[in-house]
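Each structure below is given as C-alpha cells.
Look at the two complexes coming up: chain A is in both, with chain B in one and chain C in the other.
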Partner chain A sequence: MNLDWSVVWQHREQLLAATGTTVMLTIATMAIAVPCGMLVAALRLYGWAPVRAAATAYVELFRNLPLILVVFWAFYVLPIWTGLGLSPLATGLAALSLNVTAYNAETFRAGLNSIRRGQVEAAMALGMSRAQALRRVIIPQALRRVLPVLASTWVSLFKDTSLVSVIAVTELAYVAMQVRAQTFRVLEMLTAMAAIYWLLGYPQAKLADWIQRRYAVSE
Partner chain B sequence: MDFSVITDHWQFLASGLLVTLALSVASGASSIAAGFVVALARMHGPRWLKPVVVLYIDSMRAIPVLVVLVWTFFALPIVAGITMAPFFAALIGLTVHLAAYAAEIFRAGIESVRAGQTRAGLALGMSRAEILRRIVLPQAVVRMLPAFGSFLSVTIKDTAIASVIAVPELMRQSETVQGQTFQPIEVYTFAMLMYFLLLFPVTRGVDLVYRRVAHLGRS
Partner chain C sequence: MMSTTAERAKGAGAKIIRYRGVIKRFGTFTALNGVDLDVHAGEVVCLIGPSGSGKSTLLRCTNGLETIDGGDIEFEGALLPKDDRALRSVRTRMGMVFQSFELFPHLTAQQNVAEGPRTVQKVGRVEADLRASAMLAKVGLADKAPNFPSALSGGQQQRVAIARALAMEPDVMLFDEPTSALDPETIGEVLNVMKALAEEGMTMVVVTHEMTFARRVGDWVAVFDAGRIVEQGPPPQIFEAPATERTRDFLSHLGWSG
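Entry: the complex of A and B
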C-alpha cells in the first residue's frame, strides 16, 4: 500500500471551497427551516381544521421519509411541477429545508405543548388575551425547551448536507469523491473527507451537549 | 401519470424492498447488541477504555453516515486488503455508526434508574451484574422504548443511504427503474409511499406499545 497524502494538499482550494458550501448550506437551511417550522407548528396548533390536517400530514410525511429520497424526488419532480430550471444547489437547499422544517415544526409544537395548560388559563384569568398569554408567558418558556432540540437538529443537518452530493451539489462529500475519482487516491481523499467532517462536526456536537446541559429542564 | 411502470417492474422493486428490510433488521440488531457492549464499556469498563469509547461515540455523532459507508466500502478494503460485498460493507458501516447512538440510549436509560436502587441491591448482597440484570435493566428497557422507536426509524431511513454504495435496496432499485424508464414522478412517488408505509407503523407502533407498558418503568 503506497500512500500519497500530497493529493489532499494539492486540492486544498477545492476542498476549502466545498467545505464553505457545506457550512453555507447548513446555515441557509436552518435560516429557512426555523421560521417555516414555526409557521407550520402554529398552523398545526391554531389553524382552521383543514389547514391543521394538511400541516399534520406534511410533518408526518417528511419525518417518515429518508432524506436521500426527498433529495432525488426534488431533483426530478420539482422542475416538472414548478417549470423552473433549478440549480442543484437550490434543489438541495429546497430538499433539506422541506425535511428540516418538518422536524422543527414538531419541535416547536412539542415545546409549546410542554407548558402546562394552567398557565394560559391563569394568564387569561389575569385579563390577558390568548395572543398576549402566548407571547408573554408561553413562548419565553417554550424557547428554553426548544433550544437544545434545535441544537441537535443542527448537528444532524450539518451531517445530512452530505446527502445532496447525490445530485452533484459541489459540497464537501461531492468534491472529495470527485477528486478521488480523478486521482485514484481513494484512501487518502476519503480519509481527508472524514477528517474535515470530524473537525467541523465534533465541536458542534460538543456545543450541542453543552446547550443541552445548560438549558436542561428539571421539574 | 402512468403507474404501469411500477406494475411492470414490481418484482425488481419488491426485491429492493426485501433488501431494505433485511438490511434494516440486520443492522438494527447488530448495532443494538454492539451499542449495549459500548455502553457497558463506557460505564463500567477499565479507566483507560472510557476516553476511547467517548471519542468513538462523539466522532460518530460528528461524521455523516454517507461518509462512514463510503469509507467502509471503498477505503477499508484497501487498508484491510479484503474485498467486501456492498451489503456486507453497508452492514458494517451502519453498525459502526448506529452502535454509538444505541450506546447513548442505553446509557441514558440505565442512568435514569436512581443510584439508590443499585446501593440497595449491593446492601442486599447482590453482585453488580445481578443488579443490572434484575433491577436496573427491567426498568431501563421500558424507559428506553420511545428512544429505540426513533432509533429503529433512523436505521430504516439510513439504509436508503446504502444505495450510494450500490446495495440493491429499494432506493437503489428505484433509481435503476427511473434510469431505464425516465418516469421519475411515478417511480419516486411509489418509493415514498413504500418508505412511508414502512416507517409510519414503526414509529406509531412503538408509541402504542410504550403507552401500554410505561407504568412498568416507573419507580
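Entry: the complex of A and C
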C-alpha cells in the first residue's frame, strides 16, 4: 500500500484548530453539565414531588437515548422551539450538555446517597440546617467520591464530541473526515485522527487517576 | 421511681430536661411507651437496659433527631420546639456523641471541632481555631489536630467527637453508647474523658453498657425495658438493692456482682 503521511502535515493548521474546538467543546460541556447535573440531582433528591418527577423524567429520557439522535434532534428541533438560528457549535454544545447533564445527575445522586445517614445527624446535632449539612458535610464528601466517575465521564465525553461532526461542527472528527474526502488519504487521516484523540485522551485519563488518588477520603 | 429528693444528691439543681409520658412509635413498634424522667443540672444520668429497650431512642428524641408521638420533653423550662429554626437553636445547647463517632472524614481533627462554631455559631476563624485547640487539648489530643479521622484510633476519634460537641459550649451532653464500637483497650481513655467532664459539673445523659461507669460516675440510673423505665434511682440502689425483678435479671445477665 502506498502511504503518503505528508497530507497530515499539509493540513496541520486545520487539524490543530479542529483539535482546539474538540477540547473547547469538552470543557464547555462539562462546565455546563457539572453544575446542571448537581442541580438536577438535588431536585431529584430534595425537590417538591412534581419537580422530582420532572427531574427523573429528564434523566431517564436523555440517559436512554443515543447521543447521535439527540444531536440530530437538537439540530432540527431547537431552532423551531427557540426561534433562534443557533450555530452548529452551539447546537452541538446543547446536545452534549443535555446528555452529559443527565449522566452527571445520576453520578451526583449516587454520590449523595452514598453518604451515611449518621453524617447528616452529626451535622444536625451541631445545630446545622439541612442546607448547611448538605453544603458543609454531605456535598464535599460526595464530590470526592464521584470524582473518579466524573473523570471517566470526561474522558468519554472527549471522544463523544466526535458525534457532533454529523451536524458539521468543525471539530477534529469533522475536519479529519473532510480532509479525507478531499484527498482520498483515508488510512493516513484516520490514523492521524486516532493518534490525536489518543495522545490527548490518555494524559486526561492519567490525570483523572491522579486526581482520584489525591482527593480520595478514607474512612 | 420512689425516691425522695434527699436521695438525689444533685436534686437541688434546676431540672434541665424533663420527660413526661414520652411515647415514640416506629410503624407498629412502640419504642417508648410512656417515659418519665428528670435530669437536673450537673447530674450524670445513665440509661441502662437491654438492646432495643428504648434508651437510644429517648436520647435521640431529646435533641429532636426523632420526633415524639406522645408526651412532652422540656428543655431548660420550655417544651422542645417543633419549629426547625428554634429546634436548631436548642441543639446548639445539647452536645451529642454517637456510637459510631460520625466525625467528618474530609476534615482534620481540628477542622471537625471548629466546624460547629464556624458554621452554626458564625464564630470567626481565629476564635473557632482557638476554641478547637483548647477542646482538643482538653481531651488529650492537642498533637492530633492536623490528623484526619482515618489516621486516628477509635478511642481517639471518639475523643475528637466529644471535643467537637464541647466546642459548641453546650449545657448538656448526650452520649449514645459512646464506647460500644471501641476496642476494649481504648474504652478507658474515652470513659476517663467523660469522667473528667462529669467532675467539672457537666450535665450528662449517657446511654451505656458500661456498668462500672454507671455505678461510679452516674448520679442517677434509669433502667429501661421494652420502652419503659422499670426502675430509677441512685446507683447504689440500682446496683446493690434493685427493687424490680427485671433490673436484677438484666444485671445478672451482665454478670454484675456489685
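Throughout what follows, the second predicted complex is superposed on the first by the 209 of 219 C-alpha atoms of A that agree within 3 Å, B and C clash if a C-alpha of one lies under 4 Å from a C-alpha of the other, contacts with A are read in each partner's own complex, and residues count from 1 in each chain.
Operating definition for what follows: a residue touches a chain if its C-beta (ideal position, glycine included) is under 8 Å from a C-beta of that chain, and two chains touch if they have at least 3 such contacts.
Quick caveat: nothing in here was measured; it's all calculated off a predicted structure.
Participant: If you stack the two complexes on chain A, which partner ends up touching A:I80: first (chain B), second (chain C), both, or neither?
Facilitator: After superposing on A, A:I80 lies in contact with chain B but is clear of chain C.
Participant: Have a look and say if chain B or chain C is in touch with more residues of chain A.
Facilitator: The partner that reaches more residues of chain A in the superposed model: B.
Participant: Please work out whether A:Q132 is in contact with chain B alone, chain C alone, both, or neither, and reply first, second, both or neither.
Facilitator: After superposition on chain A, A:Q132 lies in contact with chain C alone.
Participant: Between chain B (first) and chain C (second), which does A:L207 come into contact with in this model arrangement: first, second, both, or neither?
Facilitator: So A:L207 meets neither chain B nor chain C here.
Participant: Mind working out whether A:A53 is in touch with chain B, chain C, both or neither, as first, second, both or neither?
Facilitator: neither
Participant: Looking at A:A17, would you say it contacts chain B, chain C, both, or neither? Reply first, second, both or neither.
Facilitator: After superposing on A, A:A17 lies clear of both chain B and chain C.
Participant: If you stack the two complexes on chain A, which partner ends up touching A:M124: first (chain B), second (chain C), both, or neither?
Facilitator: In the superposition, A:M124 contacts chain C only.
Participant: Could you list, by residue number, the parts of chain B that touch chain A in their complex?
Facilitator: Contacts found on chain B: 58-59, 61-68, 70-71, 74-75, 78-79, 153, 156-161, 163-164, 171, 174-175, 178, 184-185, 188-189, 191-192, 195-196, 199-200, 203.
Participant: Can you list the residues on chain A that touch chain C in the complex?
Facilitator: 118-119, 121-129, 132, 136-137, 140-141, 144, 217-219
Participant: Quick check on the complex: what are the chain A residues that touch chain B?
Facilitator: Its residues touching chain B are 1, 60-61, 63-69, 72-73, 76-77, 80, 155, 159-163, 165-166, 173, 177, 180, 186-187, 190-191, 193-194, 197-198, 200-202, 204-206.
Participant: Quick check on the complex: what are the chain C residues that touch chain A?
Facilitator: 63, 65, 84, 88-89, 91-92, 94-96, 98, 100, 102-106, 115-116, 119-121, 148-150, 164-165, 168
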